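Below is one structure, written out as C-alpha cells; comments come after it.
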Amino acid sequence: MSGIFGMISKNNTHVSRIVYYGLYGIQHRGQVCAGMAVNNNGFIDYFKELGLVHEVFTQDKIDRLMGKMAIGHVNTNTGITTSNSVINAQPLVVGYKRGGLALVHDGAIVNYKKLKQEMEDGGAIFQSQLDGEVIAMLIARFHKDSIEDAIIQTLGLIKGSYSFIIMTNDCIFAARDPFGMKPLSIGKLGEDYVLSSETCGFETVGAKYVRDVAPGELIAIDENGVRTIQHKPFKRKLCFFETIYFSRPDSLIDGESIYLSRIESGRELARQTPVDADIVIGAPDSGIVAAIGYAEESGIPYAEGIIKNRYVGRTFIQPTQEIREMGVRIKLNPLKENINGKRVILVDDSVVRGTTIKQTVKMLRDDGAKEVHIRIASPPVKRHCYLGMDTPTEEHLIAAGMSVSEIEKSIEADSLGYISLEGLSNSMIYPSGFCTGCFNGDYPIAKE
Amino acid sequence: MSGIFGMISKNNTHVSRIVYYGLYGIQHRGQVCAGMAVNNNGFIDYFKELGLVHEVFTQDKIDRLMGKMAIGHVNTNTGITTSNSVINAQPLVVGYKRGGLALVHDGAIVNYKKLKQEMEDGGAIFQSQLDGEVIAMLIARFHKDSIEDAIIQTLGLIKGSYSFIIMTNDCIFAARDPFGMKPLSIGKLGEDYVLSSETCGFETVGAKYVRDVAPGELIAIDENGVRTIQHKPFKRKLCFFETIYFSRPDSLIDGESIYLSRIESGRELARQTPVDADIVIGAPDSGIVAAIGYAEESGIPYAEGIIKNRYVGRTFIQPTQEIREMGVRIKLNPLKENINGKRVILVDDSVVRGTTIKQTVKMLRDDGAKEVHIRIASPPVKRHCYLGMDTPTEEHLIAAGMSVSEIEKSIEADSLGYISLEGLSNSMIYPSGFCTGCFNGDYPIAKE
Amino acid sequence: MSGIFGMISKNNTHVSRIVYYGLYGIQHRGQVCAGMAVNNNGFIDYFKELGLVHEVFTQDKIDRLMGKMAIGHVNTNTGITTSNSVINAQPLVVGYKRGGLALVHDGAIVNYKKLKQEMEDGGAIFQSQLDGEVIAMLIARFHKDSIEDAIIQTLGLIKGSYSFIIMTNDCIFAARDPFGMKPLSIGKLGEDYVLSSETCGFETVGAKYVRDVAPGELIAIDENGVRTIQHKPFKRKLCFFETIYFSRPDSLIDGESIYLSRIESGRELARQTPVDADIVIGAPDSGIVAAIGYAEESGIPYAEGIIKNRYVGRTFIQPTQEIREMGVRIKLNPLKENINGKRVILVDDSVVRGTTIKQTVKMLRDDGAKEVHIRIASPPVKRHCYLGMDTPTEEHLIAAGMSVSEIEKSIEADSLGYISLEGLSNSMIYPSGFCTGCFNGDYPIAKE
Amino acid sequence: MSGIFGMISKNNTHVSRIVYYGLYGIQHRGQVCAGMAVNNNGFIDYFKELGLVHEVFTQDKIDRLMGKMAIGHVNTNTGITTSNSVINAQPLVVGYKRGGLALVHDGAIVNYKKLKQEMEDGGAIFQSQLDGEVIAMLIARFHKDSIEDAIIQTLGLIKGSYSFIIMTNDCIFAARDPFGMKPLSIGKLGEDYVLSSETCGFETVGAKYVRDVAPGELIAIDENGVRTIQHKPFKRKLCFFETIYFSRPDSLIDGESIYLSRIESGRELARQTPVDADIVIGAPDSGIVAAIGYAEESGIPYAEGIIKNRYVGRTFIQPTQEIREMGVRIKLNPLKENINGKRVILVDDSVVRGTTIKQTVKMLRDDGAKEVHIRIASPPVKRHCYLGMDTPTEEHLIAAGMSVSEIEKSIEADSLGYISLEGLSNSMIYPSGFCTGCFNGDYPIAKE
C-alpha cells in the first residue's frame, strides 16, 4: 500500500510546502520512504529517501523544490534489499522523446511481468521493480502528438489495481482503475486543485473535498480546471481492506465514511456473534471503531483495553532474546484495571497470520482476563492478494488452512467469531462495491 | 516533565539493551532528548543526544554501553538555546573525591538558586542549568565515609519535587520527595530490579510491578536487593497533572489506576455539568478516557470525534502562512460524520492557555457541529507551577484572568463546564493526596 | 572526470572491502559522489551517495555488499540539481531480458544525444543524464545469444572517450576507446584480478600492475582469467590532461610514469622559457613536479612556496564578503620567508580561466615577492573539450581570446611563459600519443 | 596537541563566520573534534562535536552562533571513550558567581591532579578530564572584585605548558606559560583583533600578524585594544616538536620561520650524516622540508618519493586482514620510478615508535630501492613527554631502549643517521629556546 498526493496551482510557485503537509496527512499509508517531484518551469526536480515525511524533507530540501506543480508519495515497503531501498521509492521521474514526466502510483499491475517482458524483448532496460516504470515506458512509446492519447492507450493495456498521478510539463493527470480498487479524491484549496489517496490529506492542508476520481476515469487538471478525458468504469470493486484497515477513519471513499462503515460492521458483528462479557475493547488502532460499534449494539460497556506506544521508528535496536519474548508487549500494553477479572471481548479488524492475535490473547490472560472472546470485523482471510494489498501467500494465512474452530483453538481464545462476508458487505453503503478476493477468491481481475 | 528508568542486574552484563526499551515505554514523558549512563566495571560511560529514544540510541551506541547497571532519561525540554541543547540533557555524570556518579532527575528543586548561590560563593562553577548539578555537588561535599550519609544530608537540604536515581560504582539509589510529588516505581525482572517513572515502563520490558518508592523514601538497590535507608514522608501530594495528563492511562501510581481515576472524573464531570447532546467525544489523547466516563454516566453515546495524526517529529518544516492558518488541523482532524449536524460534548483533560480549545471549537463548528459543549476534567488552572509541571506564568493562563463564563464566551463554546476541585479529588482513591497548587495556590512547598 | 575500479575473485566472497580501498586510492579522480555494485550470487546489490568514499560507505553498508565481484565509481560532478545529485551517480544498474548488469564509465560519448534520440524515437525512457544509460540500453537491445557480441555491437556504435567496466552475472568486461583517451589498467591481487583507472589504485590494495587495457581493447575477466575479445585500436590519443593534471604522479599510464613526464616537461619548460630568478616554486599539488624539473634544469633552487590546506569537504559555510575577498588564501598560503624579497618563478600545470593564477600572482606580491614569473607546463588551453575533460566553453577560457602577452598583462605577472605543444609532446615517451584538442583543436573524434 | 583561535570585534556581530575559517587554517593541529563559543550580548552560546571544522559547523550552526566575540578549538584526541568523546571537547563553558566564561586551552598542566584533588577535597565535582576545568574552577574561586586578579592568582598556581584564551562578558584574555612551551600569536583584521595558535590561521582570514603573546605574558583584549596585564617569563622553552613536526611550515613562532628552521636542520643533517646516494626524498608531509634542505646541502637531487593520499576521515571501514597487511601503503605510496634501482635517502622529521619507518623502509625496498638510508631531522626520542606533546611512555619509544645502530638494524635500513641535539639547536634562530626533554630528559618543569 502507498499514499499519493498532488497539487497544481495558478499562482503559488512553491507548492511543495503544501504537498509536504498533504503527505503528512496520509503518512499512515506508508512509513518506509517518501518522495516528491516538482515542476519548476519545465524542469522536473525531485527528492526521495527512506524515512517518514518529516525526516526525508528537511527545510532545505523543501526550499529547493520550487514550482507550481508537485506530486508526492509515501510507501510501506520498497521490495528490494535494505541497502538501497530508495531505488524503488517514488516518484518515478523519466525523460523521453516528448519531454519529461513524473509518476506516483498506488496499486499493483497484474500484467506487469508480461508487459515488461514484451518491452524487454524490444530491448528495454529496467532500473527498478516499480510498476510505474512499465507505465511510463508505455506512455513514452505511445506518445506521438498527444500525451492524452498515449495515456489512454496505456490504460488500455495495463490491468490491475491502480490510482496514479502523472505530472507533465503543464498538466497533472490522474487515473483510477476501472474497478476503482484504490481510492483517489479531488480537492480544492482556494482556486487550486489537490489530489489525495484519502480525503484526510485534504484536512491537513485546509482543502475542500470536491469528489472522487471515478473508477475508470482519467482526468487532466491544468490551468483551466479539471477535465474528464475518459471514463470506462466497470462495477466498482474497492479493496475491502481500505475500509477495514488501511484508511484513516475520518476519510471518505467514494462518499462513504470509513468511520460509519466500521461502526456498522461492529454492530453487525455483535448481532452475528453475540457473547456474554463484561467489557468490549478494540485492538489499536484499526479495531477501535468496530469495537465501539460492537459495544453500542451489544450494550456491553466499551473500554480502552490496550494502550499502543505511539513512538514509531525505522531504527529500533535488535531486541535481545528476553525482550523478544515480550512479543507484542513492546508496543501494546493492556490496561490491567480493565482486564483483570473481566470477561473481555476483543474486537480486531482482521486476522492475517494469526501471530499477533495469539500473543494478544495470552497477554490478556496473563493480565487477569477471566475470558477472552475474539471478534473479527472481517471474514477469514483465505487467499493471497496479487492486487496490491500485500497479503502474504496462502501458506502464511492462518485461515487458509484452518477452520474457525481450529483457529479458535490455535489462538487459545474462549471463543472466536468472524463477521460473515454478507454481513460485512451489508454494513457498507454500496454492499456489492468491494473486491472480496482475499475472503472468497472472487477477484475482479485474473492473475497473470 | 521527564521520565527516568534504571536497572541493576546480577548477571546481565548488558542491561542498556533493556533500559532502552524501558525508556521507550515512558517516551511520552519527554520527546526532546534522551540519555543513558552505564556502569561498566566501575567506569561510567554515557551517551545523550537530542531526539527520541530510538533516534538517539542506534545499535552501535547501545552495543558500546556495556555493564550490569544503567540509568536513563527522557526529557520534554532542555531550557537552553537550540544550538546546544544536549548540555541540559541527562544523565548528569560527575567525578569527585570518592569516585563517580550518574544521576537522573524528574522534578524541580525550589531552592536550587539559593543552594547554587551558596556553592558559587564557595567558588563552584556550573556547566548546566540542571537541578541535578546542585544535587551532585552537595553529595560530593557531604561524602566522607558513606555515600548514604551524604545523600541523606543532601535530601535534608533540597526542597521541591523530585524523583531521582543515582548510580554509583556498586549501587543504585532512588529517592522520592517527602510529598511524593513525582512518581517512581520499583519492578522486578527475573531476579533483577528495575525502576521506572511509570509502571508502563515495566510492561515494555516484561518486569513485574513490586511497589512504589514511597514519598520521602530513599532506597538502595545492590546485589543484596532493595533496602530502605530513610523514610520521612509528609502527606503525599502527587502532582495532580500526573493523573490528569502526564501519565499513560495503563500506569499505576501509588497503587492507583490512572485509567480508573480518569473514568471516574469523567463520570463526576457528567454529574456536575450535565447537558443535552447527541454525542460525547474526547480530545486526543488525554481527554479520551474522561470522555468515555462522561458518556457512561450521561448515557449519551461515546464516539471518536477527532483523529490525531500519530507521526511526530522534531523537524517539521516551517509552515507557510496558509498552512499556519490551519492551526490544529495539521495534527487534529474531526470525524465529520460524527460531528456534522450533531450537538457535541467535547471532553478535554485541562485548559491552560486556551488557544487549542478555541481552535478546536471553531474546527468542530466548521465541520457542522450544531452545538459544541466543552467539558473539562480538571478545575480551572489559575496559578503558575514552580514545582515541575512547567505551566506558564499567570499572564498566559486563560483561567487566571477570566471567569468560566468569560472563558466560555472567549472560546465561543455553547457551554463550558469544569469539574470542581472537590469533585476531581473525590474521583481519586486518595482524595487528599494531591497537590492542588495550580488550581487554588495551595502548594505544599513555598516558592523561594 | 571520474575514477573506476573493479574486482573479480575466485574465493573472496566479500570483495567490496577491497574495492573500497581501491576507490580510496583513486579518490582524487572524483570527490562529489561514490558508488559500488556487487554481484551477490547473481543478485546485483548496490549503493551510491554524495560524498567521499569513506563518507558514503560506512561499515554497515560495506558489510551488506557481499559477493565475489564488485565495481565502483568516484565522480567529480553529477550534472544535475543539488537536491538530487545521486541520480547521476554511478554504477548504473539495470535489468533487461537476459539478466542484469552494472556499469561504471569514465569519459564522454560524443554521439550520446544522437543515440539517445534514436532510442527515444523507439519509445525509450531515460532516468538519468548518464552516457552509461545509452550504453546499457544498446547492450540490452543487441544481446541475443551472447553478451560479448552485444558489447561488440555497442562499441561499434558509440563514439567518444571511454573506459568502462561492466559487471554481469558471471563476468567482468572492460573496454577502452580506440584512441585510449581514458586510462584503465589491469592488476592482480593474489590469484584475483582488479581493474583501476590508475595504477595508484592497485598500490592501496596491494595489487600488482599487470598491464593496461589497450586502446580499442575489450576484455573479459572470469574464473578462467583475462581474455581479449576484440582489439581495434586507432593510434593512441590519451587526454593530455591525464598526464598534466588529473592523474596521481605515482601512476603509470600505458607504461609511462606521470611523475617522470611532468619532471621532463618542467625541464623542457625551463629550456624554453628561461628567466633569472631566486627560487622556483610549484602551485600545489599538480604544479609541484614540473617545478622540481624546472629547478633541476635551470639550476635555480626549488623551494616550497605555497602551502595548501589539506582539509577538503563538500560542506563549507558560505564565506562572508570579507572572507570571499581572501580568494585563494582560504586554501593556499604563501611561505612568506621563501617569497619575501625574492624573484619567484611559479610553475603551474595549466591555466584555464585564469582567475586563480591572477589571484596567486597578487598574493605572492602582497607577501613581498620582488618579481613573479609564471611558467606553465602545458600550452595555452584554447578550446572547449567535449571528450570528457570538462573544460568550460571558450568564452571562459582566458587563452581563447588573449595572446600570451595579453594574459601576462591581465594576470599582472612580470613574465609568463608556456611550454610549446611540441616541447610538451617531446617530454613524453610517446610524443604523438596524446589528444591535443584543447590546445589546437585537433580532436581525434569530431563533435556531434 | 590542539589549536586555539579567538576574535573580538568592534562592529562585526557575527565573528563566528571568521573564527570558522581561522580554525580551518589550523585544522592540522587537531582533527578529532572542534568547538566554538560566542558571546552574544552577554549570553555565551556554544557548539562542539566530533569531526573536522567543516563537518561540525554546518551553515545553520554558524548562523546561530552570533556575537562580537568568539573562541574556538580543534583537538587531536579527547581522552575518553569513543561513545561520548564530545565530553572532553572544548571550549569549556561555565557559569559561576561573577558571570560566565568560556575557555580553550592547548597544553598540559602538570599539577592538574594535585589541584583537582585539593578542589575535590573541598567538595568539587568534575564533569570532564579537561585541564581547563581546573583552571576555570580556580578563576571562579579567586574572582572577588577583578577577574584579572583571579586569572593572575590562577597563573600563580598552575604549572605546565599552556596557551589559553578565555572569553568573559566583555573581554578576551590570553596567556602563555612562562616557558612559552606552546605558541600563541596576535593578529589584526582591520581594526579587530584575532588570536591563533599559529600564524597560518591569520592567513586564512586575511589578518596581519602583529606579534606573539610572550612567554609568561597575560594579555587582555577589549574595545580599547591589547593590554599586557602581567609578564613573568622564564627563558623560553618552546616544545621542539612545534618546529619539527606540529606546525605548518608557513607559520612563524616567536618570529622564527618553521620552514627555514626545517631547511636548516636538513642542511645540518646532511653535514652530520653524509652518505652517497642517488636521490633524497622526504616522508610526507613533515619530512619534506628537511629533505629539501638535505638535498641542497648534499648536492644529491631532491625528488618526490612517496605520495600521500589526502583524503582523511574518521570513519574508515575496518580493514580486512589482507588490507591490514598493506600497512602504510593504504595512505603512503612510493613513486616507483624515482625509487626503483636507486640509492635512496629518506628524510623524516622524527622517529617515535619506529613502526612506520620500518614499514616504509620495507616498502621502498619492495619497490626496487637499491639502498635505503634513513636520516632523521631530530635526535632520538627517548623520554615520555608529560607536557603536552602526547609522546607515548618509554616502553613504546624505540630509542628509549635501543642504540642508533640497533634501531638501524631493527628497521632494516642500510644506514640510519640522526641530527645531534646540538646540531638541531644550532639550526634555530634561538638555539637554546627549546624544551629538549623528550630527547635528553631536560624538562623545564618537573613532573608531579
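Remarks
Chains here go by letter, A, B, C and D, matching the order in which they are written, and residues are numbered from 1 within each.
By definition in this document, contacts are C-beta pairs under 8 Å (C-beta built on N, C-alpha and C of every residue); 3 or more make two chains touch, one makes a residue touch a chain.
Keep in mind the model is a prediction, meaning the values are calculated, not measured.
Most remote from chain C, judged by the distance between CA-atom centroids, is B. Separating the centre of chain C from that of chain D, both taken as means of CA atoms, is a distance of 35 Å. Between the CA-based centres of chain B and chain C the separation comes to 59 Å, rounded to the whole angstrom. As a whole-number value, the distance joining the C-alpha centres of chain A and chain C reads 48 Å. Residue positions of chain D in touch with at least two other chains are not found. Because contacts link each chain to exactly two others and close back on themselves, their graph is best described as a ring. Residue ranges on chain C touching chain A, taken from their complex, read 43, 45-47, 61, 64-65, 81-84, 92-97, 117, 120-127, 133, 136-137, 140-142. Touching chain B in their complex are the following residues of chain A: 14, 17-18, 20-21, 24-25, 27-28, 31, 52-55, 57-59, 62, 200, 203-206, 248-250, 252, 257, 259-260, 285, 288-289, 292, 296, 301-304, 307, 309-313, 315-320, 322-323, 325-326, 329-330, 333-338.
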